[in-house]
Each structure stands twice: as C-alpha cells, then as structure tokens.
Amino acid sequence: MKFVYERQVFYYETDQMGIVHHSNYIRWFEEARTYLLEQIGIPYAEMEKEGILIPVLEVSSEYRHPVRFGDVFCVELFCSRFNGIRWTFEYNVYNKATGELCNTGNSSHCFLKRDMRPFNMKKAYPGMYEKLMKAMEG
Amino acid sequence: MKFVYERQVFYYETDQMGIVHHSNYIRWFEEARTYLLEQIGIPYAEMEKEGILIPVLEVSSEYRHPVRFGDVFCVELFCSRFNGIRWTFEYNVYNKATGELCNTGNSSHCFLKRDMRPFNMKKAYPGMYEKLMKAMEG
Amino acid sequence: MKFVYERQVFYYETDQMGIVHHSNYIRWFEEARTYLLEQIGIPYAEMEKEGILIPVLEVSSEYRHPVRFGDVFCVELFCSRFNGIRWTFEYNVYNKATGELCNTGNSSHCFLKRDMRPFNMKKAYPGMYEKLMKAMEG
Amino acid sequence: MKFVYERQVFYYETDQMGIVHHSNYIRWFEEARTYLLEQIGIPYAEMEKEGILIPVLEVSSEYRHPVRFGDVFCVELFCSRFNGIRWTFEYNVYNKATGELCNTGNSSHCFLKRDMRPFNMKKAYPGMYEKLMKAMEG
C-alpha cells in the first residue's frame, strides 16, 4: 500500500542557502509515518500510550533537487518490510507543483516497550500485528 | 549574580533571510539557563531525575540586530526573581566580536512535580532552595 | 478579520517533559502568519521574491496548558495594528478537541528591503498596502 | 586526519521518548563539519561569503544507543574522499562519559556556486584545494 503525505514548507525550515535545510527531510519522513499510522487507524500517539515505542534504527536520505519555501511537497511512503520485529520504509519526496522528484530516503525501525526492550509485535499484540500487516501488504 | 553563556551560531539556525531564525533565541535562553544550573552545581538533568520540572510560563524576546552564521554570541543571564515558587530571568544577547546588543528577553518559570503539580521548592527541597537562593543573590 | 490556522502536533516538536517544547509556539505563530498572507492572496514567498522582508521585532508567549503529540491545535490570529510601517498580531492557541486555551502570544513586525532597510509599504507598494489594510480591518 | 567535535546535549533536542530526537544527529554532523573547516583555517562562513556552497547530497545515520539530556557527546569525523568535486565524511558519535558508540553515519557533498552550479575546486580555487587536500590526508 502506498501513502502520500503532503504539506507546505514552513519558513523556519529554510536555511541561508535559500532552500529547505537537509535535516528537515528526516523530520518529514517521521511526519509521513505518523500520517500512515493515523490513516490505518492506529495513531502513534495511542501506541505510545499503550507503551509501544517505534524508534529509528537507521535513516538515509538522498538530495536530488532542493525544496523551497512556497513549495508544497508530497512524501510518498512505501513499507518495504514488516514482520512484527522490524519495519522498514522507503520515501520519495516530490515537489507537488512540478512533479519533480526532490529526495529519496529510507528508514528502519523496531518495536520497544517503555523500558527500551525490543519485542515481537506478532506475539505481544496479535490484533495490531494483523492490522498493520494487512495495511502494509494492501 | 550574572552568568554568561556563549557559543557559535550553527548553520541550521539560519533561515533564508540570511540571519538566525527568531525562534532560536528562545532556545538559546534555555541553553543559558541549563548552563547556569550546571555552573551552580545543580544540573537540570539531575533535577529532572529527582522529579523536578521547571517549565516555561512566559517568554518574550526583542530583536535589535540580527545574529548570523559565523558569529559567536553571548547570552548574559540575570535572575530577576526567585522565591521557590516563581523564577524569572532576563537575557541580553550580544555579538561577541562587536559587542553589539542583538536581543533582549525574559522568561518566567515555576516548579512542577512529574505529575505536573506545582510545588514550593523552599518547603519541598530546602537544601536546593538555599543553594539556588544564594546563587541568585550572589 | 480573524484567521484560524490548524494542524496536528509533530512528534519531533515534543521534548522529554512529554509536551510540545515551548519554542515551537513561536514557530506556530509564524506558520499562522504565513497562512494568513496566503489566505488574503499575498503569499509571503512571493513578497520575498519582490524583495520584501517582514522580520520579527518582538515576540512573546504565555503558556497556560501544554499541547501534546496526538493533539490538533488551532492558532487564532488577529491583527492588532497595521499602518504600512508596523504590523502587530495577537495569537490564541487552542486545543481543538477540548477547546482549551493553551497559549496566548503576540508579535510585532516591520517591512524591510533585501538590504535590510525599513520602508513604508503605503508609499512603496500602495496596492499591496490597500489589500493588506482591507484584510486587516475586515 | 581525525577531528573530534564535542558539546552537551540541549534540552530542546530531546523528544517524548526521553532521548535525543534522531533528526538532531544529522545536525550534529553539520556542526562537526563546520568545526573541521574552522580548525583547518577555512571557516565555512567565509567560504559562503566567497560564493562557495557545500550542500549535502546524501546522508545516512545508524542509531545504536540513545544519547540523552545531561550527556556530553563527541563526534569523531573522518574525511573518506576529497577530490575537489566530491567530499565525503564518516562520523562516529560517542557518549563522552561512557565511551559508548551511539551513532555512526556518513555524508557526501559537492561544491556549488551561488547560482547552484557545481564546480571543481581544484581548478577554481587551487589554493583552497591544496589546503583542504593536505588537511584531509593529514
């Protein structure tokens, strides 16, 4: 299943090069994941209240064309792996007006309890696992 | 007692106006408070481990001259009020090289327990209160 | 005229107190101003392309109730003064779900040319001045 | 040549997981590069004044152990490639107190003129090229 998250660039996301600072794309990936979880009916805020943390293990980002203040960007988000232990995503960031591919990236995650110990979602939360699996395959 | 905190501007603190984004001065005030607490021997990280939170109730900032990437800034920090319930600070931000006064600000704070309930430090932590009072008057 | 800007809290806007970090409200005020300019048909990105900068001269913010990840916030935005030289705003930040008033603030601005020299919009851009005046009074 | 940049974690760099938000490591890498350029006598602020931009083409980061507020971190920085057209770095982030390796990363960069056109530093700025080459090999 493919999700598309979009919004405008904020002024404070620019730097003196006159473009969006590169660190913000990493934040946009997070915004897109949050959007995905909300879309499939398992808001991350509620997962954390249940004691589930989904930290980032790895992230990478390739910058092809700058995004600027005044632009609307779209983050296309694909799940490339989900097995209840690891979760990986791929991202394509487009300039909405021009369709230009501006950035590609990926991230990998695990599932932790509040005490920072990893767990297998399939065993610990089978209902949530099924819901996520279905959405990721969809 | 007067404290002076200083560091260089980071590139990611600039915006496309070519100057430090105004929101960062609010963060510099926080850095300066953290430095103050460390200087007087009560690091804020340890206060939080004890269950003491010092949230911001009010903050204001007046922008006189821009600070830019490449500049070193100094935050002069004064305590204008401390009584164990409220804590207020005044800030002057200087350009270190030119001595120019770039920003003035102030902030006000209270003391909360982890459960977000306010408390009187004089009663709850008399030793810490004395230490802070002494440093604030010094 | 009253404008209302709203969006969800981003995860990266929280701090370890478990609430939105106070510096982000200053950024939300900016987002709300950008939204206002877009709504009245003078996007700030286009103003900057024309060589008009609208820096912040003063900002203040009062924190009444925390906003948290999972919340949607609304920034109610009023223009309290506009004369082509100065522009001031007042902000009320609400929790959309509860209606609770979480933050109030204000900011003041001037108009600068790219070379950082102030100008009077009424004289330099009478058409833009009329459009802004009408929207501010509306 | 190996460079080591260090500083304390700022409170606003934490998130509600109680650890430094993952996007900040990308910013720390930038701080470390700025430090490196300053150490070798070619401050990046001065390069930009000359019209030289060094944007990020790629960045990646692997998160091994969290860094927290109260920690001092060290960024060990190696240049893995420099030829006047491309510049790549590797980063190791340590917890200074424990020596624990918390994060590894890398980034790749090119050299652009103000008009966003790439150039070969060896041809355009032979003196600067020699200085950088010497420092990178050193």
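Letters A, B, C and D name the chains as they come in the text, with residue numbers starting at 1 for each one.
What we mean here is this: contacts are C-beta pairs under 8 Å (C-beta built on N, C-alpha and C of every residue); 3 or more make two chains touch, one makes a residue touch a chain.
This one's a predicted model, so the numbers in the text were calculated from it and none came from an experiment.
Engineer: State the chain with the largest centre-to-centre distance from chain A, centres being mean CA positions.
Structural biologist: Of all chains, B has its centre farthest from that of chain A.
Engineer: Look at the interfaces A-B and B-D and say which one is made up of more C-beta pairs in contact.
Structural biologist: Taking the two pairs in turn, the one with more contacts turns out to be B-D.
Engineer: For chain A versus chain B, what separation do you get between their C-alpha means, in angstrom?
Structural biologist: Between these chains, centre-to-centre, one finds 34 Å.
Engineer: What is the distance in Å between the mean C-alpha positions of chain B and chain C?
Structural biologist: Here the centre of chain C sits 24 Å away from the centre of chain B.
Engineer: How many angstrom lie between the centres of chain B and chain D, each centre taken as the mean Cα position?
Structural biologist: Their C-alpha centroids are separated by 28 Å.
Engineer: Indicate the residues of chain D shared as contacts by at least two other chains.
Structural biologist: Residue numbers touching two or more other chains: 11-12, 16-17, 19, 23, 27, 30, 48, 69.
Engineer: Could you classify the connectivity of these chains, where an edge means two chains touch, as line, ring, star, complete or other?
Structural biologist: complete
Engineer: Which residues, counting only chain A, touch chain D once they are in their complex?
Structural biologist: 16-17, 19, 22-24, 26-27, 30, 48, 53, 55-63, 66, 116
Engineer: Show me the residue ranges of chain A that touch chain B in the complex, using the header's touch definition.
Structural biologist: Where chain A meets chain B, its residues are 11-12, 14-19, 21, 23, 69.
Engineer: Can you check the complex and tell me which residues of chain A touch chain C?
Structural biologist: For chain A paired with chain C, touching residues are 7-8, 10-12, 27, 30-31, 34, 43-46, 48, 68-70.
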